[in-house]
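Input: structures, listed below.
Shared between the two complexes below is subunit A, which has subunit B as its partner in the first and subunit C in the second.
Coming up: the complex of A and B.
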């Protein structure tokens, strides 16, 4: 197990490094200059030259990459051209907000999805199964911006129940929580969009589990139906969900640009999108690094936790 | 063995990587044409897609509208005579626009779904057959591509080329093939040590012979499932891109662009600009996902269609009901 972990960690580091190299090359393939994007079209050539010199943009690409990586190893993510703030500060501000918004919606989707998946499995191939699956799949297939606007039209404009957007200038997670009435809609939209994921996986696992011998034995020895469902079926149906949870970790870190822009929620998605439009390389590289790390960590966590929870799985070191 | 069974798309397919890790019963499923044709869910999905295809591609031949020039005299008109679904904010007929937009959505969906599946399947099968260090390197490349945030690729490609439908198809295909590759590789790894593959090797078949004669045909079932889901995901992704403003300039349109324009006018009460594209988009995406879901059930052998139940009974083995009670 230890050797397996060491090997996976080495691979993870290689992947993150690959992501950084690829992003760096891709960013510099983009036409248009950073200096022009930041200083504007009327900037004189001399000012552009000063800007390029200041940020090392006139050096060869491998040199720039070397400098960037060296700074990164010292914990320096660089300074955003657009915001003139350290990238680490920007990310540290926005990451907790996204963790709150997307973490909460993932939990809501999980809490709705897994029980309905098991319910569907119990009533497998009946009308209820089709009806529930149809509902989740319809919500999954409708674009999230559409669901957001329809819900705003219904619940905010028509019935005045919730706030449609966050007030400007929210700062911390605490600030978000004090405006919880504004948090309800984005969480709801994001979660109804992903319930289908959880319910379909737990449904298909639960169908297999229900047909297995240990469930029949448990039922035959007289355990009540409810107890069998919670003790045997639910626990075993949670296994594939762990994989999906692990795979959704990068999504939580990357943010949800569409929901964020509709609900005026300044998270990572919006930061990333705006800096992509503004050629803000340090922010994009920093964001890529964070998302890359989250991706490999999510994969690793899913595999390891899976192995711990399911004794049938043993990792063999090669 | 009925005649229809010889028309098999693919051979015995193992359950995918994830489900084999769950210790689920693997194999058994066989994606045959008969299974496809006799499945209520696949056929209803195919019916919806076919109707939508007819509507979008034959519709404009029968129903002529001006989809190019702006006509300010008739903007935002509610449904009425002359314009069965009203007009949009440029005075363009919504029904006709629905057909034109559907053309680009469907073309993109099919192109991306098929291109990414073919590319991913070839790469994944290659990686699985090569094995060892080569496999490790090829898979780390996949991991890297999956970990690069989507926006970077989108923005860069969008700023390097002038956007047209084919460029968007290219972007989405590039973004979606790594997932397919990983899936197919898992499949090939499971198949590689099966008897038929070993038999082929022992009879002198080369690695490449095994790859093209045995591995790729045997993963066809799961590839068709992936392609179907890929089509749905691509149509959905195009609508998200349209919302973010990444797309070819007008008069190009797709259902996502129509929806985006529509929701911007939602609070003016122009419901006819929102609900028609919403209905079309959700219906088509849902239809493809239903086909994919049903095919997945057939391939993984978990929940078989009528054909399988009948065939099994003929062999004197009635599957025990999986129903819990």
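Coming up: the complex of A and C.
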């Protein structure tokens, strides 16, 4: 197992490095001047030259990449051209907030999705199965901005139950948690889009598990239904969910542009979007690095948790 | 806040233009807001102002040349106001009452300025003196290239020497004569004083000295202040930034752009704040802001996007009053006179005249901007500066919408006109009745118009232009692009240099150009102007602009204005106004100052209704 982890870690580093190289090249292939994108249409040639010199943009590409990697090895993600702040600061401000929002919504989706998936499997092909599946798919196929606007119109504008946006004064994760009236709608909107994923994967696996011999034996031995469902069906139905969870980790750190825009929740999604528009390479590269690490970490965690949940899966040295 | 517009704030104002100029097709009418609210004025209270888009990231009032964030002025203007305060009520004039100077006298053929400062004090009780001015001058003299507000050839490089005969008098000996209006309105209005007694140091723990008096010292102090000015975590706590001469002090600042002002109890100026706090709260988008306004919660003053004008009655029901703020600036389509394909065509004045005759600006104002826009008759907005409008502009400009005149012009210049088709040049050549230099026989009259995408009003405006131009056979191909793409791919194109890589654009509408108090064309229409990226060049235009900057004739401005309106270095477009909403028990907000906009909360106060 240890050797397996070492090997996967080495692969992960290689993958992240490859992603960085590719992203660096692609970003620099974008047409247009970074300096002019940041300084505006009326930036004089002298001012553009100062900008290019300050950020090393007048050096050859391989030089720029070398400098960037050297900085990175020293824990320096660079300075954002647009925000004039260290990229690490920008990410450190936004990442925990997104992790909270998207993490919470994933948990909510999981808590709703898996039990209903198993419930559907138990009532396979009954009316209730179709009704629940229809509901989740309707919510899944509806655009999240539409759901957000409808909920805001109803619950905030009409009945003043919740706050439609996060107050600008909140800058910390603790602050977000204390203002729960602003947190309800974004968490709900983001989670109802994911419930269908979890419920349908759980449902199909649970149908297979319910038909398996060991479940039949357990029930024939007289084990109570609830015990069979929780001890045998639930645990085995979680395997595909683990895969989805592992794959959602990069999504959690990448943010959610639309929800962030509508609910006044400045996070990683808006940061990347605005940085992409402004040719803000350091932020784009820093974000890519974080998402790359989250992707390989998510995959690795999923693989490891497989082994924990299913004793039949073991990783051996080759 | 005028240089704001031309310099650091250019980006912000463009952002505002894009955010606020979102479209409307509704016919809801909005008043300009009450100048007074009935009731007894109250002292105290908090006003929360919504700010959409970017946030300030620099507090030292002289940001580096690589920081073009115009929102920084929003943060600093109430703390360190400019020597010359632009705008008085709703008028585009200098406000001597709020300015830091007592008197400004121009002498020696307008090459020497004697400025007497008012006997005001810094917030720590130390008097504001001429030494504070020399401190600013010394720092900028050695660091002007690293100041975003520096304009080629102007302050501080145009100063031969600064003399301070006494503690409140500054004599500026300039390298040349200036038009006093221009220098006061467009140069001195950019200068904020700095407290030499508190800031002339090179480290936080170091002692204050006279470091600025040497080149090395001035560079070290400037570098130190700029470094401190970028540390967002200490904006509200750094003792440097607590010494102010404006009506406000910074009480809170979060790196997400949320900040709060509290009154400077030692403010010497005439309008002492009555509010106990002003909060500036950031919003990621105008959608988020609008949702908050509609829910009637935390915002006391905010922008209303034009595409939400139809919701004014809902907002009024939530306790808001709606007001319109004309924008000081000029909106335009920039023609690239050096585009390799049709630049030669655009260099013919009559082609630009045809294009302008076919823009129905009146209908665009009415239908696209619901009436809340300057008509765009020429280079100067008619809404914000009546005193600057020549009779020609007041009368609608030289090219009011007229398809018949456009068609006549085309026919008179050898074109075969095909309404709703594409005109072609029939008589190539340079003689009278020919198409003109650079235009070949059979060449189609068509242009690609690149404009900022994602803004409904821009889509509607340019679709309207495409349609009205087509009526005379001028084919406009629309190409919406993100604002940053336009900015980053648009190069300066002129006779000397027009590489295909950055000069392939033909017509461009990216928003508007913000103006200073003196809406001079310097920088926009002179041959080497930093905003003249379409390559328009005219010796007469240069002379006329120079006359507004350096001459002394009061007639010079109208001469410049009329010539520019006629020459069409830009195709003139309507310029959308900003619409704001504010709580109805909040007074003193209107009339809006066209330059400081919502940055003068020292004039605001709550009233007790019915008292």
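Here, the second predicted complex is superposed on the first by the 314 of 318 C-alpha atoms of A that agree within 3 Å, B and C clash if a C-alpha of one lies under 4 Å from a C-alpha of the other, contacts with A are read in each partner's own complex, and residues count from 1 in each chain.
What we mean here is this: a contact is a pair of C-beta atoms (placed from the backbone, for glycine too) under 8 Å apart; a residue touches a chain by one contact, two chains touch by 3 or more.
Every value quoted in this text rests on a predicted model; they were computed, and no experiment measured them.
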Combined model on subunit A where subunit B meets subunit C, clash or fit: fit
Included angle at subunit A between vectors to subunit C and subunit B, based on C-alpha centres and rounded to the nearest 10 degrees: 100
First, second, both or neither for A:50, with subunit B first and subunit C second: second
First (subunit B), second (subunit C), both or neither touched by A:277: both
Partner chain in contact with A:239 - subunit B first, subunit C second, else both or neither: first
Touched partner set for A:42, first subunit B, second subunit C, both or neither: second
First, second, both or neither for A:32, with subunit B first and subunit C second: both
Which of subunit B and subunit C A:110 touches, first, second, both or neither: neither
Partner chain(s) touched by A:157 [first = subunit B, second = subunit C, both, neither]: both
Superposed model, subunit A: greater residue contact from subunit B or subunit C: B
First (subunit B), second (subunit C), both or neither touched by A:121: first
Contacts of A:183 with subunit B and subunit C, given as first, second, both or neither: neither
Lowest inter-chain C-alpha distance for subunit C and subunit B in the superposed arrangement, angstrom: 5
Where subunit A meets both subunit C and subunit B, residue numbers: 31-32, 157, 277
Contact set on subunit A toward subunit B in their complex: 11, 14-16, 18-19, 22-23, 26-27, 29-32, 121-122, 124-125, 137-138, 140-146, 149-150, 153, 157, 200, 204-205, 207-208, 210-211, 215, 233, 239-240, 243, 250, 254, 257-258, 272-273, 276-277, 284, 287-288, 291-292, 295-296, 299, 306, 310, 312-313
Subunit A-facing residues of subunit C, complex: 10-11, 14, 57-58, 65-69, 145-146, 152, 230, 232, 252, 254-258, 279, 281-285, 287-289, 291-292, 294-298, 482-492, 502, 510, 523, 530-531, 533
Subunit C partner contacts - residues on subunit A that touch it in the complex: 31-34, 36-47, 50-51, 54, 81, 83-85, 89, 93, 152, 156-157, 160, 163-165, 167-169, 171, 260-266, 270, 277-279
Subunit A-facing residues of subunit B, complex: 18-19, 21-25, 140-141, 143-149, 151-153, 155-156, 159-160, 232, 236, 239-240, 243-244, 256, 259-260, 263, 266-267, 274, 278, 281-282, 285-286, 289-290, 293, 300, 302-303, 320, 322-325
